[in-house]
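The two complexes that follow have chain A in common; it is paired with chain B in the first and with chain C in the second.
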Partner chain A sequence: MKLSSGAIRLVIPAVSLAVLLAAVFYMQPRAMSYTGLNLLFNLAVPIALATIAQMLIMSVNDLDLSMGTFVSFTACVTATFLQTSPAIGILILAGAIAAYAALGVIIHIRQLPSIVVTLGMSFVWGGLAVLLLPSPGGAAPGWVRWIMTAKPPVVPMAIVASVIIAAITHFLVMRSSLGVLIRGVGGNQRSVERAGWSVVGLRAAAYAMAGFFAVLAGIALVGLTTSADANIALRYTLLSIAGVILGGGEFVGGRVSPIGAVIGALTLTLAGSFLSFMRISPDWQIGAQGAILIVVLALRLFLNRLEKREKNP
Partner chain B sequence: MNESVPKPEVAAARGVKVAFGAVKALDGADLIIRQSECVGLVGHNGAGKSTIVNVINGGLSPHEGTISYGGVEAQGISTARAHGIRCVFQELSLCPNLTVAENARVMHSDLKGSGWRRRGLELVTQKLDDIFPGHAIDCESVVEDLSIAERQMVEIAISFAAVAEAPKLVILDEPTSSLDAGLAAQLMAYVRRFVGSGGSVLLISHILGEILSTSDRIVVMKDGKVVADRPASEFDTRRLVEAMGSVVRHQGWERAAKAHSGQPVLSVQLHPRSSHRLQAFGGEIVGLAGLGGHGQTEALLEIYLSANGNWWPTKEPKMAFVAGDRALNGAFPLWSILKNLSISSLKGLSKRKLIDPVREQEVSERWKKRIEIRTPDMHNPILSLSGGNQQKVLFARALATTSKIVLMDDPMRGVDIGTKQEVYEILRSEASAGRTFIWYSTEMDEIRLCDRVYVFRDGAIADELVGADITEANVLAASFAGGAAA
Partner chain C sequence: MNGMRTLGAKPWIWSFAAAVIVWVTTVWFTGGSSAVGLSQATLTFAAFSIIVGVGQMFVITLGPGNIDLSVPATMTLSGTVALKVMDVQDSMILVGLLLAIFVGIAIGMGNYALIKLLRIPPIIATLSMSFIVQSFAIWTNRGLRIKPPEMLSSFATSYTFGIPNVALIALLISVLAWVLLEKSVYGRRISAIGQSSFAARMAGIPIDGTRFVTYVLCSVLAALCGYLLASFSGGAALNMGAEYLLMSIAVVVIGGTAVAGGNSNVPGIWGASLFMFLVVSMLNTYGFGAGVRLILTGLIIIAVILAAGGRKALR
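After this line comes the complex of A and B, so read on.
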């Protein structure tokens, strides 16, 4: 049977995750346990949510450079308002999601480059986060803590959460009408427009959904760390982009895969642990993570070329 | 056709005027499509075919004139779709990243509710079987995995498919451009069946055989106006070509027939199907003609890359290129006029790898005078100039180099007539000084200025015209294939 291009796109992230996992188990057999897996993948849950958020933005051919500061901001809201007065906290987070939708509208109507707008917004979110929590502190709301530290039987929470995130977003982005239309905007905006759809509405929806998942990422992060800090998630901007690309997504053309994005986030988290197991000093880890990324992308480029050659001999 | 009782109108555009800047795309055109008829629409480049299609499908609101659907005046894409107007565009307009069923969902907003995926799939598969019996398209695949012809077939099938309401008018803009003769015949047969069952079709094609055999009525456009609107039976290929040509005979240049001695400076075999090699002798202006998008730009790029390579810059570039789309690949929008002009000849203006500002200034002043760039200061940003003057700067960029061959990719699009005349004058003097120009133009007046013309059709050279043979009639006859697709 011939594989579709979508399936080929998913094979590489799955294989790279499996290879990395095998390497970790080989070096540290004790990781092959309930607690071990939970520790390995715990921090992947917020990253996976942020990656999904970034993927939604990328599915309409945009890029969000404020992901890291936005997740930090929502983490600060979670550790302060959502814990002390939940009603106000929910209101603030809903306002943040509305702000994301408004950004989508502005970017579309004024034809602005999303990179510039979100880069500017990253300073706004960062500033708001510092205003909320000038020094690290706050506390996780009890229910968040309970969810993130739950111990389901047999499979650890981190894995269960990843599977649930992947399943829900797959349905939302790949199966639902709204997801189809959003990806259609990424694939061929003009034809969506000509079919009579409101592209500005679709872009706003994509941004709002991205804001929603980024909020979830902030909440999940606080659930794990129990307190927050204005700079807690700065790395998420690049991690989320790398996760989407690693998971088979592309910068343009509406080619995204939610399952791939979650796998990409898991792979990136695992890459960090893998490098620690190899006793590579943290100074080199970012570079080594980049090297892993380049290897995986080179592999994909190679497969793409192979596929193309098959098509036009 | 029953002449005494006119059938009800499906869509009508009356007295429509549309202008893009100084260019009048439509100048009071009327196009009325009635129920159960197939209207053929033909015309050369810039005649206004695509513009009137965009007006009828609601994508473009006219500056003057009225649009009505089923006798009711209305505007807008969604209104047009609600009145059953569907359009298959010349450039493929599916989303390549979605599956066939998902594309049907994008195109048909009434395909909704649970199970739309399955219903969409059935719908498209059924239509495909109906229009192209015996096709082998896997409708569950993603569009980018399909070949170009298959994508075109899917798009046609989606447009003809009826979800809640059947389409009333389907506009087909060059639908057979990527289909082979067999598939094109299947499509034309389906168009007849669709028309027979009460639908209407507006058919645009450069294959006149298709138009003549399929249409009930043929509308010929020229310069934004409808110049002929008669039953198809009153036309044949020759009369159609004549109708597309201009009524008034323009006076071409006085051309002294040059005798070519020696070797051509350029001689390439462009396409395996080309009937002629593309040849150019020193001091000639060679025109590339034909309908837009039939391989002329690709030919220019191929010639350019074959001489210059696209990896390392060569020391002495043999050819210079004048881009057609200024905004996309011509001007550096943030740079000054001077920098935009000198970029191609920086090597000659440098001493020890550093640019000599005095010489750069000299060269730019010389060209400013020579081609009359209207600016007080060459250090002003390029965007401060009008479109025509920006284009002059791009010309000067190419002419300031030492290249003996200059390639031009329809550079005069949207330039006012005064500037055009000035540039033609410079071209003539440069050519007599020994430069060779290869000029792709979509305008007949410019093609008539050339010493030798190659007419392109479907990516290959269809005909070569030299000297006195370069007439509008000959170019038109070669651009439009007479019979079925070759």
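After this line comes the complex of A and C, so read on.
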């Protein structure tokens, strides 16, 4: 059977996730249950959504350094306005998505470096979050809590949600014509422009979609934690970038994979649980996470070489 | 009009103009009484961002995707290790300094080894490295707060002719960096690689060697900054580098260095660092709360970028 290069790209993230999962089961057989799996992957849902958002930005060759503060901000909105007066909450979140689209337009029209603009925005989102919730608090709206703690039969919610996210974004980014065009902007902006498409519009769409998924990440996070604070998701910026790369995405060229990104996010979440099962002293847990990242990327290099050898024997 | 245009064409002019405007508004608001104190505080705190910013600038000059995210962890580790070794003894100051530099060299080498051997994008390589370095720092620190040697801490907190000593060190480093960048073969090489890595390779420039030196240089400057910051603030803390991650990138880019690489700017880093600290102290003077302060800082950064914008950028 001949695998496409896109499928080979997915092999590495999938294999590393499987290996990590096997290691966790080996060390803690009790994790091999409905509750165990749910606990292992629970926090993966918001991370996966944030990773998808980052992936959309990366598919037009940009990078979003404000992802963590933005998810924190949306979490704060969810725990305050969306809970007390849903209409205003939805309006604020819609405004935030519109702000993302506007960022995409400004970055394109003024040819600004996205790193710096999003860096500036990270202060803005952080400030807004602090204004909303100066100290940790708020409460999750009932329906959010209900969705995130739902117990579907046989397969835990965290897994069901991850599969749904992967399926929807795969269709959106890889199959729909909008997704193809957005990736085209990342691959060769000029040719998309010459073919008569509006690059500004496509960038705005990519940013708006990223904003939408980041909003979902914030809502999902509050559903799990039941309350929020202004710094709740700061590490999502780096996690989301690492998740995209782990999932086989590239920084430039519009080469991204939504399924890979979700798997990457799951791998990163699992790495954390794996380390606590290993009883590694807390001092070294961050370091071990770095080491896992390096090992997975080394594996990817190895498989990329195999792929190349197959192409030119 | 012509003169304005030549001046406007210098990318660093914007950051200085912005810094001056903010300085004047702040001093004006306080009725002129804060002029000296504000200037000294600004120079002191800007000095730290300048030192890490210069290192980050060399890395960013290498071209798209080159950013060193291990700066904060490097600062923390070098500060912790140096203070631990010096153990409040004045006689060990030099040993501590050498050790801090050694830590920088080791981390820089590690960074480049990951980038080169595993072909990992620099952002992810330096990020993974920073996790490991941070762990080392936690392990070395163990919650202890060791004071810096008396002589060192009084040097770091005092002034020469009214100018903070740390600012003088930053000035020395900046002048050296400028000479290195503009007048040396190495500086020309990193610009060439940043403009077109392919053309640089065709011209026979040793790309690997140059990139290696650049990553080591950046880590050494971060380590040096960690050493100074720990001495200045009376001890190393595990989160002491945290704010310098975004700061080191922000000052480089606001200072007019092209994010796409190949075109760097030392004076701009000064303007941008002074500006960044002045904005914070201006908003403090006006008595804004933390939230409003953050929002305004962000909006001002974006406004400066918009005003200076339109340069060729890749990301």
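In this section, the second predicted complex is superposed on the first by the 307 of 313 C-alpha atoms of A that agree within 3 Å, B and C clash if a C-alpha of one lies under 4 Å from a C-alpha of the other, contacts with A are read in each partner's own complex, and residues count from 1 in each chain.
In this section, contacts are C-beta pairs under 8 Å (C-beta built on N, C-alpha and C of every residue); 3 or more make two chains touch, one makes a residue touch a chain.
The model shown is predicted, which means the values in this text are computed figures rather than measured ones.
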Q: Tell me which partner A:Q111 touches in the superposition: chain B (first), chain C (second), both or neither.
A: second
Q: Using the superposition on chain A described above, determine whether A:A44 touches chain B (first), chain C (second), both, or neither.
A: neither
Q.
So in the superposed three-chain picture, is A:W284 touching just chain B, just chain C, both, or none of them (first/second/both/neither)?
A. second
Q) Quick one: chain B or chain C, who's touching more of chain A? A) C
Q: Could you tell me if A:D62 is touching chain B, chain C, both of them or neither one (first, second, both, neither)?
A: second
(Q) Between chain B and chain C, whom does A:A233 touch in the aligned arrangement: first, second, both, or neither? (A) neither
(Q) Going by the contact rule set out at the top, does A:G253 touch chain B (first), chain C (second), both, or neither? (A) first
Q: Quick one: classify A:S122 as touching chain B (first), chain C (second), both or neither.
A: second
Q: Provide the residue numbers of chain A that touch chain B in the complex, in ascending order.
A: 4-6, 175, 177, 180-181, 183-184, 186-188, 190-197, 253-255
Q | Interfacial residue positions of chain A with respect to chain C in the complex | A | 61-63, 65, 106, 110-117, 119-131, 134, 238, 241-242, 245, 251-252, 283-291, 293-294, 297-298, 301
Q) Contact residues on chain B for chain A in the complex? A) 57, 59, 77-78, 81, 87, 89, 93-98, 102-103, 105-109, 112, 116-117, 141-142, 144-145
Q: State the interface residues of chain C toward chain A in the complex, per the touch definition above.
A: 64-65, 67, 69, 114, 118-121, 123-124, 127-136, 138-139, 246, 249-250, 253-254, 259-260, 289-299, 301-302, 305-306, 309-315
